[in-house]
Each structure stands twice: as structure tokens, then as C-alpha cells.
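This is the structure I want to talk about, given as C-alpha cells.
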Amino acid sequence: MRWMRWTVWGGFWLAVLVPPAPAQQAAEPPPVSEQTEECLGCHESDTPGIVADWRTSRHARTSPAMALARPPLERRLSATDVPVERRGVAVGCFECHGLNPERHQDNFEHFGFRINTVVSPNDCRTCHPTEAGQYLASKKAFAVDNLEQNPLYHTLVETITATRTVRDGRPVPAPTGDNTRNKTCFACHGTRVEAKGLKTVVVDGDELRVPNLTNWPNQGVGRINPDGTQGSCAACHSRHGFSIEMARKPYTCAQCHLAPDVPAWEVYRESKHGNLFSTHQAGWNFDAVPWRVGTDFRAPTCAACHMALLAAPDGEPIVQRNHDFGGRLWVRIFGLITSHPQPKYGGTFTIRNAEGLPLPTTLDGKPALEHLIDAAEQARRQGEMKKVCLACHGTSWADGHFAQMARLNADTDKMVLAATDLVKRAWELKLADPANPFDEAIERKWVTQWLFYANSVRYSGAMGGPDYAAFKYGWWDLTRNLEEMADSIELKAKARR
Amino acid sequence: MRWMRWTVWGGFWLAVLVPPAPAQQAAEPPPVSEQTEECLGCHESDTPGIVADWRTSRHARTSPAMALARPPLERRLSATDVPVERRGVAVGCFECHGLNPERHQDNFEHFGFRINTVVSPNDCRTCHPTEAGQYLASKKAFAVDNLEQNPLYHTLVETITATRTVRDGRPVPAPTGDNTRNKTCFACHGTRVEAKGLKTVVVDGDELRVPNLTNWPNQGVGRINPDGTQGSCAACHSRHGFSIEMARKPYTCAQCHLAPDVPAWEVYRESKHGNLFSTHQAGWNFDAVPWRVGTDFRAPTCAACHMALLAAPDGEPIVQRNHDFGGRLWVRIFGLITSHPQPKYGGTFTIRNAEGLPLPTTLDGKPALEHLIDAAEQARRQGEMKKVCLACHGTSWADGHFAQMARLNADTDKMVLAATDLVKRAWELKLADPANPFDEAIERKWVTQWLFYANSVRYSGAMGGPDYAAFKYGWWDLTRNLEEMADSIELKAKARR
Amino acid sequence: MRWMRWTVWGGFWLAVLVPPAPAQQAAEPPPVSEQTEECLGCHESDTPGIVADWRTSRHARTSPAMALARPPLERRLSATDVPVERRGVAVGCFECHGLNPERHQDNFEHFGFRINTVVSPNDCRTCHPTEAGQYLASKKAFAVDNLEQNPLYHTLVETITATRTVRDGRPVPAPTGDNTRNKTCFACHGTRVEAKGLKTVVVDGDELRVPNLTNWPNQGVGRINPDGTQGSCAACHSRHGFSIEMARKPYTCAQCHLAPDVPAWEVYRESKHGNLFSTHQAGWNFDAVPWRVGTDFRAPTCAACHMALLAAPDGEPIVQRNHDFGGRLWVRIFGLITSHPQPKYGGTFTIRNAEGLPLPTTLDGKPALEHLIDAAEQARRQGEMKKVCLACHGTSWADGHFAQMARLNADTDKMVLAATDLVKRAWELKLADPANPFDEAIERKWVTQWLFYANSVRYSGAMGGPDYAAFKYGWWDLTRNLEEMADSIELKAKARR
């Protein structure tokens, strides 16, 4: 049996020690296009930071042709071909900022070149069509319309972000500009960036004409771009290093998926998985494609469970890459207002529930089934996620985890319904006005119940991090909040008499 | 004097540069047992992640015999001998999961082997008897009973975790299952895992019979295991790497010791020590045994102060390893309800105070002295902790720190008593019902005072991180909360008239 | 053009690969002074941790003479000469603790040497006069007086930190000692450390006479030292490694600049810059002087924007080092009580607004202009900061960012004024007593508006991290808090009738 032992160990060390693609490190960098060389000529000294950043990137070290020559599983581009003039050169300034000039409102003449300020998912699609396609159908790409075109969410945004003046002892909303909206909700969701002609900026004492962009800068996930597309790849693949390492580390998702409303990052950080990541990440390989469980990394990050192409140490694929980040999700634990099956499509603003409200569930928790994925699709997606779990856990563990999670979702939904019963009572007693269901103190407590506390518990149920189910925006607060709502109604009702 | 300078420097560089045990890195890995090889034969492809994780572990690279051959101070096992059939092989799957089959309810037949799903502290005791013994006598091992068997804490748990329905405008507790308890309090404290016969799971299309475990998965510190023991070593030494590095980094303790109730992690992170750790950890050696102050690490983590075997750079021991994590603690700053001397034993659920309540202090702060360590033992433990301080700080600094901490504890205790006076007033005025002292809004404010704010201040006093003594759950909140309690009582009293 | 491409790349790789100063790593360590050798003789075993820490420091590896021999831009000391007896030796124990004995109240005889326990900025000035001078004029150096000598802030401190007893159902402040003040506000701001003669401590069974220091230990930024100076360099350059790496990583600033009142760290961590730092820091050079954008680091930390000497990859300086951390700031987003231009000088306790209050703005937001920098100085400072932005961003981006930030500041100021209108109403209706404007519940809500929520939004506007502008102490809370203030006034007014 001794040979067997060495075989087993041999396979392991082979996987650990042999670099997945020796050529990768050693290859001579591709030539830089003449256009990009001219860009670099000035920007090397004008904006040295981003030029140096780009030089560390794979874009600077690989041409599309070199990338296409790699084995399919190791490819980081999904195009089967790219335009000939871009095929053999590094992916430099002009290769991205010079794409599709005719579609770009923000195209302008810049020292003899036609340049777009904003690079859009449609531009990235040149080399990454599968990723762009998945992304553009996802909820992320519709992040602006899903707030703006949904009358309820629109009201919530306006209620939160309008400045107030005090009249007769009550705060009254004042008309407010785009700015606060852009720096709050739409900082993550994305702003509407349009090019309103050109404007003059002064650079090193010289005047320069550049596009006059509205609501700029912004890198929200659903940004409306000057070429009419939706989304920003730079939200996760930060300019100009575009590193896969960054997208795979949880700090990127943590820019937006944060407590109190979406505590994914904090819950992950407090979980066993997060602990393993924090402790051991320095020894992991965040750059390998495919990403091999156990050899490249030893505990999942956000990207591992939700989107990355994963493989076993021997290279056998486990799950495929998916830039629709809900693609492995069956239930939506971000309650609106209770948990519910994932929506069928990214543009959720068209959903109407049985009460006619633009929500995936009624106020008493009945799901708007025709807009939500069915049981078969739910099972398929859970099956995808389970493949990730089973790379490290037994079936009994994974099944137990999913069952615990489902029961916890159901329990939190009950706690949301109790809060809804109380806010309805306040409305019935005329202690609050349902015309705007989000502005008064008792209504805020109701929103807090489903948007903060129930979500916290559910994220904790999904990923670990038990304090977010307990004392930190969890059951402690779910129960406390109901008592305070009931007290507040009682006191107000008595004060009125 | 020049020779002296070189001697001093020489000793330093010798300590830094000479690896503590050259053999450690170079040694040929021990053979894998035949049983474990069979496990690996399937699990290499079935659960590749944990197999790869185990292969990085010391368990895979060392046999007990190799470990026993090391100098005593460098040993990571405390057994003086181990069973002959396990002595010469790597500590693999079967070596742990095959232990003590007769004690394990969860023992089952698995492809010709008798396997336990759950490895317990009693199993780990085979090689680590001292550690298991210390742990099993500590508060951690009793973490389940200390909640469940203490009538007051039991009420607190039930009050927080029961779902609610609304009746006549008030939230009413509904009967609730184990699930929410398991995902909140008992996620950290541990669940009761019993094997209820076998069940069938489907793995890759094949049916498999495995133990039907209750309340599974769980890795809480006081988990009741199917062999009747209490505790889970995997709570800190995560499967299947079992790395000492992980247990020594604060992220592990941070899974449970978190704000708002036990803000040890956040306070540490904001402290000077935490800053030094965050800044410099990449250059430290978290694997060395003993752990040498100044050369292996330059600022303490949780493990350094509370449990690790520490030595000076020359190898001279400073403090001994202790898996009773309270072993260097004299005062318990986690107030129940005020700060008090540490309890004498791990099973605190038997404590009764002078009022007959299962608390280490009365509601007005009188300690239940016969259950708590006496002044001599307090002095001994503080002496142990002071040895750690003195590795880097002068005596005047350390004494000053301890004195500041003691005064801060006393001040926070006064603030707890003030809150207790107010909640008693609410009870006397019949504005709240003391039958359950944890369910009403005014009672929650009282709990918040001692469980969140006073604890935050005391942890900050012990470890630095001053914002947790000030604006972040600290004195700002201690004083604000009293005003709000008093206002709330006044308004309710007036509304009743 | 091929030569051009290689030239461009060549410059980049030259910058990345050629160490800035080869001598730096290779140089033989300087001799240790005879005095310091005697210190080390005992402290090597008495406090081994700090000795080992010091041995890793640049102070141990460089003498002032060696440092003075370096090119000016690479120097870490600003003195043009240092006293002859310290010039040629390592900067060891005695070189710092033996300075200026005549000025130090805490100077004492210690085994034949005259030693100061506390090393002050005036001592560090020996080698670092420019840094000490900038620091000593900054707000940080006046951090104690700026709290203690400002009657309003003094009241705020006393109100937060005094213990309470309950009398007739109301919390009443009790006289309190220095301790809680020292462990809360003054832990960061600094304590008043005076030497009250000598005291006896017991070290290893031997009695030792050491200075009897008040309010010790402390390392607050404005500590009053026993030599009469203000400040503590060790607040950021932690003893005894004194690493520039530490001061450049955000964890150092994070010890004090934290949510809820100064959420600089949390906002940064959630920002794109913070994400880049967290993701890529392991590959950055935090030790290089000057600090080269794009090659040494690829996203700013606190130090990069606010104080470090930055250069382009080719070594061309971008901005100069400044130890007045407000030196590149034009607007003060820490509202007192609204945002306002930066004060002209570090000792802000002398400021009086048009109402005679010791605040830089009136309660309705009118700035105390004669104490604040004028428009020209604001423009100059914004220009300095913009140089940092332009290292990576275009002019249009930077201008857009500054404009968004200014509008957000204005919007938050309106929200502060609305809260002030409400608290004034409570005072007018005699529902609260303005004699102490910080102690009652409604007043606390008012403070929360400007000290927590408005600050959070403004820090988010300045640095990214959008959740701190939205749901996490942001606009959600700015609007909610006004509703709760108005409700509370209404209920109290009705209850009184």
C-alpha cells in the first residue's frame, strides 16, 4: 500500500507546487499599441498612479491573442475572437477608452484621438461577452431603475434623503437636489451619467476641453453610462489594476453589502469561513483560474460561493463562473418585506404583488409567485450552491445547514409580520399616516424590523456569524423593537385622549 | 565593551534567525495508516477541500512518536505516550474519527470501518490530556448548562428567541422550536448533539446511511457531544488544518467575543496592541512553540495574554500554557450584573447569591463570595497576567494600568446600580412586571446598561480601545440610557393617570 | 516606436525593482553607546519584548550620522546636525531617555544614570525639529486644553463621565475622580502627567525608586508631559519600533478616529481606497521615503492624503511631509456644530463665536470668521490635497468630487439646524433646561445629530464609504432622529398638561 500513499501525496504536492501555467509568469509582455504609447507619454507624469497601477495588471502583461492561446478552463476572457487591431497588443488605455466611439455621448477629441471618459460593460464585452451578458441581465445592472422606477422604493429614497426644515414643531421635507441621493443610495446603486457637451478644466495651468458629465464621479453597480448601458465593471474590478484578486477578496463586496441593511460582510467576517480567510489569506492564491478548492484557497470568500469558477485540486470543475450573482441563490433573504424566492429577472421594478404594490411579497408575506422562480429552479440553484458546500462538508452537514437556514427565515418572517400588524394598528388608530409609509417614527421602527434586524438574522443563518442573529441587530432587537412599537402606540393613543 | 555589544546583538540575531527546530521543516512526513489511506481514497475526490486542508496541517506532517521526540517546551502534545497503533503514523482521518467507538452514540459503519461523525474533546485527550483537562473544567465546557440550567439566563434566552404574534396591540410570545435558539445563543455556547439512529442521505446519486444527529451542525464551545462530553476543540482549532496560528490570531476569539455584549474583539482591534498586530502580523511567527515575546511576536493577541505558553527570546518560559481561559483572570468584567471576582469553577449554574438568585452578585452588587475566588487566588492570577505585561512594560506602567482598570470597574458598577434603581422603581409603580425581568422595553434598557454599556467600558479599561469607553457603547450611553429610562417611567406614570 | 515602449516600461521596472537605497539594507549597524549597553544589559531580560522590538527599529540600525549622509528627500530626520555625543551611535535607550534631564520633572537616578521615564516631543525634536514644530502648533498638541479650557466641551466631558445616583426617580451626577475622564475622552486627547516625587515599586522582589507619575500610563496625542510640553509622538509611532510603516497604515489613526463621532477609519475601510489597501497592502512598501505613488503603494491611506511626503515613481515630489495633520484641509467636516473653515491655530479653546460661545460656528451655523482660515488659505490647502488626487485621478474627477463633497456638507448643515430648532423649542417650552445643554435625553438627540450623524455623512462625502452616508449613522438617522425629537417634544408637552 506504500505506493498508494505516495500516489495520494504526490497528487497533492503536484497540485500545490506545480504552477498552473508556467508560461504565465515568464512570458515576454506584449507590445503596447502606438495609440496607448502616446497616452502613456503624457499620463506617465500626469497621473502616474494609475499608469503604475495598470502596469501591474494582467491587461498590461497579456494580449488577447496570448489569452486566447490558453486552455479553455484557464481563460479569463470568454470571447472566441477579438477585433484584429486589438488582438496582438496589450490591453492599454486606448484599447478600452477608444472602443465604440459612435455609441458614446462622452466621446471627445483628446490630443488627436477620439476617447471615451467612461468605459462601459458594453466596451468590456469586446473580450468578456459571457460575463457582460450575465451581468447585464442581473439585478445589479438594473440597480438604478429598481430604485427609481419602483414607486415605493422611490418614496423611501426621497424620504430618507430630503433635507428638512422645522415648521410648527415638526420636520418638513424641503426640495433637495441630486447630490445627497448620489452620495447615499445611488453611490452603490449607480448614478445617471450623461455628457452635456464639453467643459473646460485647468490642468497644470493649461485649459483642456473634456466632457461635462452629470453625477460624476460614480462607480455604482447599475450606473447609467453615456453610451446608454447599465452597470460598472469597475465597481468590483477596480481601475486600473482590474485584479481578479480584488474581486475575490471580500473587501470588494464589503463596499456596499454592509450592516445594517445588508450585513453580508460583517456576518461573513464573524463566521468560521471569515476567520479562516482572515487568518490564512496571506498564503492563498487569489489569482489562479480555475480557482482550486483546498490548494488555492481553504475557505470560501463571497466570490467562491456566489460566482467563481471553482475546481478540485486536480482541476476537475465544481461550478461554473457566473456574473449574475444571484445565479446560485434560490431564496432572497433580503426581505421585501419577508424572505421570498429569487425574482425571475433583474429588472424587479415591474413586480406587483397581490395587493398591487411593487413588492415581491404582500405586507402579510404572500409571495408574488408569477414574478419569482419556481420550485424546480429553486432546487436547481440550491443544488449548484450545495456543490460548493460539498467540496469541504459532508451531505449531512450541508443538508442540516440548509434546513436550519430555512427555519430561521420562516421565524424571522413571523417577526416581520408582527411588526406589520403593529404599524397597521397605528395607521388604523390614525396615530400615523400611511400616505407615506416611511416617514414617521413608528414607521421607521417597522422598516427597521424587516430591513435591518430580520435581514441580519437571515444573513447570519446563511453564512454563520451568530452575533448578527443574536445581540447585534438580531433577535434581541427583533423582540425589543416590537415592545417599543407597542409602547409607543399606547403612549400616543393615551396622549391623544 | 565592544565584545559586549556584539554579544548582545548576537544573542538577538541568533534568536531571530536560527529556526527553533530545523528538523521540523525538513523531516520526511510520517506514513499514513492503512485505514486513513482508504478514507483518503474516496474523500480526496468527495470532499477535496478538507483533505487538502488536512494535508497542510501538522497532523499530516507529524506522528505522535515524532512529536514526543521533541524537547518538552516545544511539544504540542501533553501525553507522555499514545496508543501503539497510532504512535507511528500521521494523525489522519481514522486516527481521530475512529477513537473510542464504544462511547460514541454516533458511531456507525462506513465502508467497513466504525467511524464517529463528531470528534470530541475526550477523543483529542488521547494526545492532549492536559489541554483537554483544563478545558473541561473551564466555563467554556459548561457553556450549555450555564445557560440552560440557570433559570434566569434560561428566561433571558427564551424571551429573546421566541417568535411573537400581536394580540390587542401587544406582542405575545409564541411557542418556538430549537432552531432559533441554536442559531443565536447556542451557536456560540453549543448545541445538544445526539445521534437518533441512522438516516439516509444521497451522495452523488448513491444512498448512504449516516447518523441522524440532532441540532447539527454546530461547533459551539460547550457543545454536548454524542459521547456525552462537553466542548468542541474545533471551535478554535478549525477543521481540518487545526492550526495553532489560527487559535493565536484574534479572528478566532472574534467569532463569539464581540460587541455589543462581549466586545473583546472590537476593543482589542482599536487598542494599541491591536494596531501593532494589524500592522505587523505578516512578519510574525504564529507557529512557534514556545511563543517568544519580541522575536516571534511584538504585541499580544488574545491568546498571548490569556492562554499561550510564552517565553523570552532566549527561550526562558514566562507563563505556562492554560486551556482554562480564565486561568489568568482575577476579576470578571462581564458583569452579572456588576463586575465580581472570577467564579471558582466552570459550572456557574449552581451559583446562588444572597437573594437566592442564580447570579454571582446581588442586584445591588454584593458578590456571592462562597462561589468566587478569594483574595489570595485573585492576587495569584493577577500576578500571572502581570508577568505577561512585564515582558514589555515596566512595573509602574503595569501597576498603573491595573489600578485604572479597577477604578473604572467600580465606576461602571455604580452606573449599573443606578439603572437597577430605576427598573425597580418601574416595578414598584407597576409600570412593568418583574415576573419576567427581561421582556418589557424598560427592562431591556436595564439589561442594556449592564450587558452592553458597562461591559464595553470595562473591556476598554482592560485592553485599551478608548472609544468603547466613551462614545461607542461607553459612558455616553451609560449616562444617556439612565435619562431615557427616567423619562420613560415619568411619561408612562403620567399616561396612566 | 519600439524603443519608446521599452523606455517607458524600462523606467517603470527600474522604479519598481531597484531599491531606493541599496546601502540601507546592507549597512553595518552603528555602535551602541556605552550607556545604552548598560540599559540593555538588564532590560534584555527584564523587559525582553521592548528590547527585541527596538532591535527591529531603524533607530537600532542607523546612527544620526548615517541618516544625515543620505540624500535630502530620503532623510527621515530634519535636523541638520545632532549633538556630537549622539551623532555616531545607534538611537538607543539612553539617547532618548537621557535627553534634557534639567527640563524633566520625571528625571530620576536609575543605576547610576539620570533617566526620564517619559520621552516628549521636545526630546524627539533633537533629531526631528521640523516634525516637532509642525506638530506642536497643530490641534493635536492642544488636545487637552481644547477640551479642558473650552467651557462648553468641559461641560460635555463632565456630563458624560460623571457617575450617577438616582434620587426621586431621576439620575443625579455624583462627584467623580479623574479616572473615568482619563479612560474615555483623555485616553485619546491625553492626560496631565506630572511627577509627584518618587515611589517604590517591587521588581523581581527588589525595591526600586521610580517617579510617581499622575494619570499614567497614557499616550494621548496632546498629553501634558512632565517636561511641560504637549503631545506624544508614541501615539502614532509606537514604542519601541517607531516604525513609519505603522504610522502609514490606517490602523494607527483608527485608534481614535472612529465611529460614531469621528468615523474616519470605518468610512475609509468601506471606501474604494480602503478596499484597495485591504486587498493589496501585502505587496506594498510602507517604509520607503519618499513614498512613491503607484510603485510603493497603489491607493492612499490616511497618511498619504493628510501628511506624507509623496513622490511620483521617478522620485519627483508631489507634496511635502506635514505633521500638522490639518495642513492639507480647508474645511472642517467635524461639525461644531456645523461644518466650517479650518481654524487658524491649534489652540481652538480661545475661539468665540458671534453669540460669545466657545464654538467656531453659532448655533444657527454662522462661522466665527476671524478665528478661521480665509478663502485664499482654503484654496491653497485644497490645492495641496488636489495634487494628491491628481496622482491617480483626472481633473474633472477631482473637481467633481470636491463639488459633491461641498454640497453634501451644506445639506448636512441644514439637518443640524433643524435639530437645533427642535432643541430650542424644547428649551422654550421648558421641557428641557439649557443650563446644561448636554444632559437631558432630548439634548442628547440633538448632540447625536451633529456629533454622530452629520459627521458620518460628511466623512463619507470626503472619502467614500457610502453606507455611512446612508443607513449607518447617515441620512436614515438624520431624518429619523428629527421625527423622534419632534415626537418626544409633543408627548412631553401633552403629558405636562
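Some points to look at:
Labels A, B and C are assigned to the chains in the order they are written; within every chain, residues are numbered from 1.
Here is the rule we go by: contacts are C-beta pairs under 8 Å (C-beta built on N, C-alpha and C of every residue); 3 or more make two chains touch, one makes a residue touch a chain.
Everything quoted here is computed from the prediction, not taken from an experiment.
Between the two copies, chain A and chain B, the Cα superposition rotates by 120°, quoted to the nearest 5.
Although chain A and chain C carry the same sequence, what matters here is overlap: shared residue numbers make up under half of all numbers found at their interface. Averaged C-alpha coordinates put the centre of chain A at 33 Å from the centre of chain C. Contact of a single residue of chain B with at least two other chains is seen at positions 282, 491, 495.
Of all the residues in chain A, the ones that touch chain B in their complex are 1-2, 4-5, 8-9, 11-12, 15, 270-272, 274-276, 278-280, 282, 293-295, 298, 312-314, 316, 390-397, 399-401, 404, 407-408, 411, 414-415, 418, 421-422, 425, 457, 460-461, 464-467, 469-472, 474-476, 479-480, 482-484, 486-487, 489-491, 494-495.
Taken in their complex, chain A has these residues touching chain C: 29, 31-32, 34, 37, 40-41, 44-53, 55-56, 117, 159-166, 169-171, 174, 176-177, 179-180, 182-185, 187-188, 199, 201-203, 208, 210-211, 213, 216-217, 219, 238, 241, 243, 245-246, 249, 251-252, 254-256, 258-261, 282, 439-441, 444, 452, 491-492, 495.
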